[in-house]
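The two complexes that follow have chain A in common; it is paired with chain B in the first and with chain C in the second.
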Partner chain A sequence: MIPEIGHFALVLALCVSFVSAVVPLWGSLSGRAAWVSLAQPSAQIQALLVAISYGCLTYSFLVHDFSVLYVANTSNTELPLIYRISGVWGAHEGSLLLWALTLSTWTFAVSVFSRGVPTVMLARVLSVMAFISVGFLLFVLLTSNPFERIFPVPLEGRDLNPLLQDFGLAIHPPMLYMGYVGFAVAFSFAIAALIGGRLDMAWARWMRPWTALAWAFLTIGIGLGSWWAYYELGWGGWWFWDPVENASLMPWIIGTALMHSLAASEKRGVFKAWTVLLAVFAFSLSLLGTFLVRSGVLTSVHAFASDPERGVFILGFLVATIGCSLLLYAWRAPRLTRSGSFSLVSRESGILLNNVLLVVLCATVLLGTLYPLVLDSLNLGKLSVGPPYFNTVLIPLGVPMAIAMGIGSVLRWKRDQLGRLVKTLAVIAICSLLAGAIVPWMMGGYYWGAVLGSALGAWVLLTTAHAVQLRFKNKGFSLAAARQVPASFWGMCLAHAGIGVFIIGVTLTSHYNVEKDLRMVPGEVFEVSGYRFEFRGVTEVAGPNYDASRGVVNVTYGDRQVAELHSEKRRYRVQTMPMTEAAIDPGLFRDLYVALGEPLGDSGAWAVRIYYKPFVRWIWLGCLMMGIGGFLTVMDRRYKLASQRVLRAEAARPNEEVTA
Partner chain B sequence: MIRFAIPVALFAVLVGFLFVGLNLDPREVPSPFIGKPAPAFDLPLLGDNEKRLTPEDMKGQVWLMNVWATWCPGCRQEHDTLLRLDQRNLAPIVGFDYKDESDKALSWLQTLGNPYQVVVEDVDGRAAIDWGVYGAPETFIIDAEGIVQYKHIGPLTDASVANDLVPVIERLKAEASL
Partner chain C sequence: MHPKRKKRLLLVTLMVAAIGAAVTLLLNAFQENMLFFFAPAQVVAGEAPEGHPFRIGGMVVNGSVKRGDSLKVQFVLSDGGGSVPIEYEGILPDLFREGQGIVARGVLGADGTFVADEVLAKHDEEYMPPEVADALKKAGKGPYGADTVVGQ
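What follows is the complex of A and B.
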């Protein structure tokens, strides 16, 4: 019965979201206040219904209801509790339901936390979000119903894909979806503004915290995915330029551009049409990502459901959503351009440069991702675009971006004199070059990339520190003064410093890591960078739903015991899929990584992979700093104050636009 | 204001490509092994590990090699098609049991019927790498000279057997008898 309740709740949610999409919007255009006021309650009811539906599916997982096809395909009685909860989004149908749930959650949040936004504007925003909901709920119900039953009921489920039985991956999709879908809020604000023709600094102010929040989630989500790939896939890489990874990176890049142009729109009222376009792009790329993953248009390690029928549906949805919004943009945007002026040397120029570079970067990634498809469509043959392409095109774009970022964060709005900054910047540049000379020497080897990367990382960190210093120039640094500084400034500094940390991590890991594939017999010792790895043999162990061969490697450094690493080769009983569970001794300055390979012959010898990865943690530390920076921006006092001010203003002039 | 319409125009082009892309199969990768000699292996037979088989042993006749495993749902799906193909006695089918367990494989053949003249076991999947196998089921056609002539990826259906496999087999047999 429970699955039917879930199904029924989903159908009801579709009906409610249809009402929520049409009625308030129509009311806002025809001036009916009662219709407009329907926006918030209907959004909240819809969110409740989707949550009920999602809860029912989770319940079916918890009680092992294998009469539900989806549960039978992705769960098993031996599956541990946490993976029964995360298994809900372990395959196509459930992950779509999670998408819908995430969208409802955002809609609910907007309906509750947007007190300051005028009723009409809010109604339009919620209507646009409800339109997206209609599309996704239709998609779930028509092509991928997770509540479908099977008869006869199987006694045992086919188990969750072993790759997904991991804590990192359990939380990676929800985080990523919070980011992806979060851009729907920015998108809806942009569309609502286009409909209403009202694009002012207040509008940018309402939209900015939502965008920052979505961006922060996306950053953390991508970081988690990369971290998961590193320790779970067993070959120690952290980014593969897989189409699905690119699909998450592209909205992130555009989202980053959007964060910056929004700052300019909010503070200075410039780039408004451009900001709208970026908001549309960010969400379009999220949808495109969903299309690429779900339709099987591109091959990928993530492609676990490819079905042309679903592909056609998403493509249709894509055309409707993105096509309509771009048409709306082409129609309305020409009236919106009325930019404030700024001089060549100003923060606006810095942001403009940043935006141009980011958009070019995104276009490059998009081209690399879709190029195989385009060639295939034109019958020009099959090929795949791999990491060499991306690595080659990224460096010439990343270098000016990092340099510009350092200068941009110390520039003033509207007009600035380079003369004011030249002296300090020159000192910082010299220090950075010194870092570029010293760090590779300390790591034991000169490479062009390492010199460049270390210098750039140092440049970003030092200029960020300089921005903080400038902020306290007149007041002197004290805790009280630090509290006076807006949270969004700290957010910016933390995120920029995160980029610096990230650059250093990527540079040092890729140039100085040591990777060894060895044949080891028990008792054999191998030395990497001063660490002695002693192979102590393999024992058999049994897990809840797998059997494993566990290899033990003892690591010492000089006389000091460092770690005993247990790497496993797991065989999951139901899916009979072999999995490598790497053993890692993490550290701020280096990771020791051991992965057990195959047994070699009868002498007890095994293939063992030993990696020494310096500074690899800095990659995710950087992502974490960026994410926290994003969250800090949201907590800025000015968004709360602004909403209260508008609230008072609106109370004085109720429903101005409706009656107008 | 033409420039505001540029995004929507670009998007229209993109949609065109995506639509065409939907009807293409990215998995259909042309096998680099076609037209090349069959990669060598020397594998034990299922149920009788004392005996072994290499592609050399099949020389002089047109034969099929079907990569399968008991863990593979697509293999179950194509099994009846394989049985029917075997009954037509067009060419011997060699089963290539891929990363599987002997007991399960034997009981599978006992319960579902055995379309194979002989089955080799590739327990660790090493030999499959040489054949460019990247998922079961896959079916190869090898000519009398030992050259790989055709590769089918995914489950066979009666239609794909009739339209794709049988014409190739008959052509190769005709060439061999010349």
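What follows is the complex of A and C.
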């Protein structure tokens, strides 16, 4: 019964979102206020229905209703509670339902928290979001219904993929989806502005907090995914340039460009048409990501079984979305832009440079991701583009980006004098070069990449600190003065500092890590960077839904006991799938990583991976700082004040023109 | 020239130069890092380059995995149309086992042995790398056709 209610709620949600897509938009174009006023309630009802549907699926998981095919395929009576909840998005059907739920959550949030936005504009935004919702709900219902029943009912479920039975991965997809789907809000604002023919600074101000929020979620989501891959996949990598990872990175890159160009649009009224275009691209790339992951065209560590028919549907949806938006853009945008002027040395120029570099970066990732697919589909041979490609391209693009970032954040809007800055920047540059010389020396080895990376990391951190210092130059630093500074400024500084931390983490990890695959007999010792790893043998243990061989490695540093690491080789009983559970001793400056391989010969020897990873935590620390920076930006008082001001203006002018 | 236009021209020139440089670098890196995929049958037929890295994919032949007391392991990869001996030193992925479809990256030696520096097995035990499924299909191995393996 419950699954049928879920299914029915989903069908109803589709109907409501169809109404919500068409009626308010039509009303806004033909001047019918009653139709326009339908936008908010219908969006909220639709969100409620999707939530009910999602709740029903979760309930089926909680009560082990194996008559539902999806539950039978992804759950099991032995599965712990938390993974029964996260198992809802553990495979294709449920994860699409989560996509739809995320979209309606965003729609709901927009309908509630946008009181400052004029009614007509808001109605159009909600209509565009409802259009997307129609597409996705159709997709779920036609190709991937999670409520499908099976008969006869199996006694036991087939269990969740063991790789997904992990806390990091339990929260990674919702975070990622909040980011991915969040760009739908920016997209809808852009399209609504194109429809309405109104592209002004107020528009940029409405759109900016939503974009920042989506971007922050995406940043955290990607960071979590990387962290998960590091400890769960058992070979200690944190980024593989895997197509699915690239699929989430591309919207992030364009989203980053969008954040910057939006800032310029909001503060100075420039780049508005470009901002619209970026919003369209960010969301299109999110859709492309969904297509790549869900269609089965990818060979990837993430590509779970999938079905070509679904791919065709998303591809069609993708083409329609991009096609329509670009047509609308081509038709409307030329009439809307009015470029403000700015001098060559100004923050606007910095942002322009940042945007150009980011777009080029995104294009290179896109090329590396799609080229093999295109070639394959044309039957011209199968090939893949390895990580060295991305790494080679990233350096010449990333270096100017990091340098420009440092200068850009201390530049003034509109017009600035380089002379004002040269002195301090020169001092900072010298300090950074010193850091580039000292850090590799402390790490014990000179590589040109390590020198460059440390210098750049220091440069970004120091210039960010300088930006803070400039802010307080006249007032003197005090808590009261710090409160006066807008939250978005702190957000920017934290995010930029995050980039600096990230650069240092990546540089030092990739140059100074030690990775060894070893054959070890109990009692054998391996030493790396002063750490003594002693292999103490393997014991058998039993977990809730798996059995495991547990390898014990004791680590000492000089006379000091550091950690006893327990790495497991698990065999999940239902899926009969082996899984390595790495053991990690984390630290701010280094991680010790041990993973158990397989038994070798009859002497009790085992294959053991031992990794020493300096500064690897800084990678995720940097992501976290960027994410928090994004959230801080949203909390800026300016956005609240702005909405109140617009409310007052609207109250004074009740007969807002309704037609375009 | 009008100073504003001059400025714009400068900006545009800079951008074109930057993009040009980026594209050159990119294509260069691209060419150097392309890895072709070959099925064992193609390797046996001599289509794969010797001494240049590529990827190979197929099923691990039952009973072919030989592992001594060291980290060296040998096995045979087959797609029904041909089989290639593979050598690898290190720890194999969790899902590596006999009868499983895998993809290996490495170099083909003069003696016809493929020396792998990376072996990938997929995370879903029902999942078959599309290349492997295709290769098996082409070689006419019915039970491992793409449809039967990839579907849920």
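Here is the rule we use: the second predicted complex is superposed on the first by the 653 of 660 C-alpha atoms of A that agree within 3 Å, B and C clash if a C-alpha of one lies under 4 Å from a C-alpha of the other, contacts with A are read in each partner's own complex, and residues count from 1 in each chain.
In this text, contacts are C-beta pairs under 8 Å (C-beta built on N, C-alpha and C of every residue); 3 or more make two chains touch, one makes a residue touch a chain.
Just so it is clear, the structure is predicted and the values come from calculations on it, not from any experiment.
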Overlaying the two complexes on chain A, which is it for chain B and chain C: clash or fit?
clash
Comparing the two partners chain B and chain C, which touches a greater set of residues in chain A:
C
In the superposed arrangement, which partner chain does A:Glu534 touch: chain B (first), chain C (second), both, or neither?
neither
Figure out whether A:Leu326 sits in contact with chain B (first) or chain C (second), or with both, or with neither.
first
Could you look at A:Glu78 and tell me whether it touches chain B, chain C, both or neither (first, second, both, neither)?
neither
Looking at the overlay, does A:Glu598 come into contact with chain B only (first), chain C only (second), both, or neither?
both
Regarding the shared-chain residue A:Asp547, is it in contact with chain B (first), chain C (second), both, or neither?
neither
First (chain B), second (chain C), both or neither touched by A:Val312:
first
Could you tell me if A:Arg609 is touching chain B, chain C, both of them or neither one (first, second, both, neither)?
second
So which bit of chain B gets in the way of chain C here: 7-15, 25-33, 79-87 or 169-177?
25-33
Chain A residues contacting chain B in one complex and chain C in the other 296-297, 299, 382, 575-576, 598
Using the touch definition up top, name the residues of chain B that touch chain A in the complex.
1, 4-5, 7-8, 11-12, 14-15, 17-27, 29-30, 71, 99, 101, 124
Across the complex, what residues on chain A touch chain C?
73, 161, 163, 234-235, 296-297, 299, 301-307, 341, 343-344, 349, 352, 356-357, 360, 364, 367-368, 371, 381-386, 388-389, 392-393, 396-397, 517-519, 569, 575-580, 595, 597-598, 600-601, 603, 605, 607, 609
Sort out for me which residues of chain A touch chain B in the complex.
273, 277, 280-281, 284, 291, 295-299, 308, 311-312, 315, 318-319, 322-323, 326-327, 329-330, 333-334, 370, 372-374, 376-377, 382, 575-576, 598
Spell out the residues on chain C that touch chain A in their complex, using ranges where they run on.
4, 7, 10-11, 15, 18-19, 21-22, 25-26, 29-30, 32-37, 55, 67-71, 89-95, 103, 120, 122-127, 129-131, 134, 150-152
